[in-house]
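Just so it is clear, A, B and C label the chains in written order, and each chain counts residues from 1 on its own.
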Amino acid sequence: MIDYIFDIIRQIRFVEIIEFIGTFAFAISGVRGAATKKCDWFGAFVLGFVTAVGGGTFRDLLLGVTPFWMMNSIYVWCTLSSLLFYIFLREHLNHLNRFFFWSDSIGLGLFVVVGAEKAMILGYDSWVIVTMGTITAVLGGVIRDILLNKVPLIFKREIYASPCIVGGIFFVTLQFFNLNLPLISAITIGIVTFLRYVAVKWDLQIPKLKSEKSN
Amino acid sequence: MIDYIFDIIRQIRFVEIIEFIGTFAFAISGVRGAATKKCDWFGAFVLGFVTAVGGGTFRDLLLGVTPFWMMNSIYVWCTLSSLLFYIFLREHLNHLNRFFFWSDSIGLGLFVVVGAEKAMILGYDSWVIVTMGTITAVLGGVIRDILLNKVPLIFKREIYASPCIVGGIFFVTLQFFNLNLPLISAITIGIVTFLRYVAVKWDLQIPKLKSEKSN
Amino acid sequence: MIDYIFDIIRQIRFVEIIEFIGTFAFAISGVRGAATKKCDWFGAFVLGFVTAVGGGTFRDLLLGVTPFWMMNSIYVWCTLSSLLFYIFLREHLNHLNRFFFWSDSIGLGLFVVVGAEKAMILGYDSWVIVTMGTITAVLGGVIRDILLNKVPLIFKREIYASPCIVGGIFFVTLQFFNLNLPLISAITIGIVTFLRYVAVKWDLQIPKLKSEKSN
């Protein structure tokens, strides 16, 4: 019994730790983007926050539920830590690129799981579940790019959304097997992270759209 | 009785065919926009989808109902067809400009009707009904332009929103006469399409705003 | 009794007058922005409207209630007046800069109060109340800048959001004292307006984020 409770605590804590790290990595990417446009600390905070929670917020609006971050101030504190982290340690960020890449990738996978699970509980079709997972994971970055006045990166060099879509499809498919949710979630996160690693390592790209004149 | 049912089927199908053609035309305009910014296939799909369903999605969020495309996967398939259409037939698209113009215009009128009707059923004021019809029809194009990092076209050369507003006003006004909804809808679509044709043919424009210094 | 009713009437009217002036000032800033990008009258109207109601609309979507402007056409008329005002009096606008600054600042304070109060009534946490007040006040300007294809001004030279945040914190804190809502609202508006005046007068700025290479 005690062991069982311990297990739950450990599980919850593990997911929360991943979520914190993922949120932190997403927020850092917003803060770094803000720095390229000479934003001030306030703008950097907003950009970090929007990058971290923007996808989940839009998902919750589409699903008609209260945006998740309005029920828990942890996301504000997480963004604030990432801002302070940047301000005090920005000269050392380059040495941490590998760490950020892995945090960001694992966070990506976790956000797919969180979004897909939320849509699944509400009883939506499979393709909506995959879509909500993907929106949760990638839309924050799209809003960040819009605020920074750029064509969103993922529309041009897409090493970002496809792993989420594939991960979401796995998440939905694995429901038909006799697996428990934590295992399915772990597999999904693993697949998203792995695919993103592969895509970046071999510089895989989706074909570019040719213009109307070229043959 | 049989005839009556047949009539309904024919009617539904007719509206659905128009909606498919309209959605296709809107999606194609998103895909063509994506091509101008060298987006990849994924980005083109997203841009096509957002152009096609963005207006209705925002309308549904404002009205507090579940976004329409989450209940029916037809819009995804329609966007996918438009993407494949572009990829395989892009060299011939110029010969189809006339066809796209008419599809887009009729779609515009239909989207006004769909949006206005939805707001009317929910019991909103006349001016909200007109606004919802117009938002349904034009906001997808606005979001497309924001994503492509341009000042939205309809704010500068407005041959697009005014026909929708006029069509919406007709839609609301005709409710006071003893007409059935399909007829009112057909008249509205006709007016929007006709006004758009006239606006493009004679290059009608709304006066530009003068800057503060010029006299 | 009569006096009491008179008091209420006077109070309501006063708030409504401030709200009209604030909405007008916000709409004018959208219209002036539209003029810099050579938009037409329709685009200017939309930009004015979005600047005036965009913040409150997003707040209402987050809170899950019907956007406020869909229940009262006054905001449409107010935007229309600001457009006509610009069209006919644009050469004289420079002489009115001081008036617009004060209208805009007082409006900013009022919008903080309106947004914070709405979140408070719905029972949200203090930090959500402050956030909703700030979003109500500043998001319209952010959307205006996105539509005009610029990095939002408040992310770079932030004399705008901080006074709202401080005002929101006062609004929440003052609830714990034995004061009535109109007084708390008046104090909040006063603080926001004063802080903004101070920030502009002494050109106060939040520190800029340094880039990763500079020391």
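Just so it is clear, a residue touches a chain if its C-beta (ideal position, glycine included) is under 8 Å from a C-beta of that chain, and two chains touch if they have at least 3 such contacts.
Quick caveat, the model's predicted, so the values are computed rather than measured.
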Category of the chain touch graph - line, ring, star, complete, other: complete
Angle of the C-alpha superposing rotation, chain A to chain B, to the nearest 5 degrees: 120
Copies chain A and chain C touch via same or different residues, half shared test: different
Inter-centroid spacing, chain C versus chain A (mean Cα positions, whole Å): 32
Numbers and ranges of chain B residues touching at least 2 other chains: 61, 64, 146, 149
Partner chain A, residues of chain C touching it in the complex: 61-62, 64, 124-125, 127-128, 142, 146, 149-152, 154-158, 161-162, 205-212, 215
Residues of chain B touching chain A in the complex: 31-32, 34-44, 46-47, 57, 61, 64, 66-67, 70, 73, 76, 86-87, 90-91, 93-94, 146-149
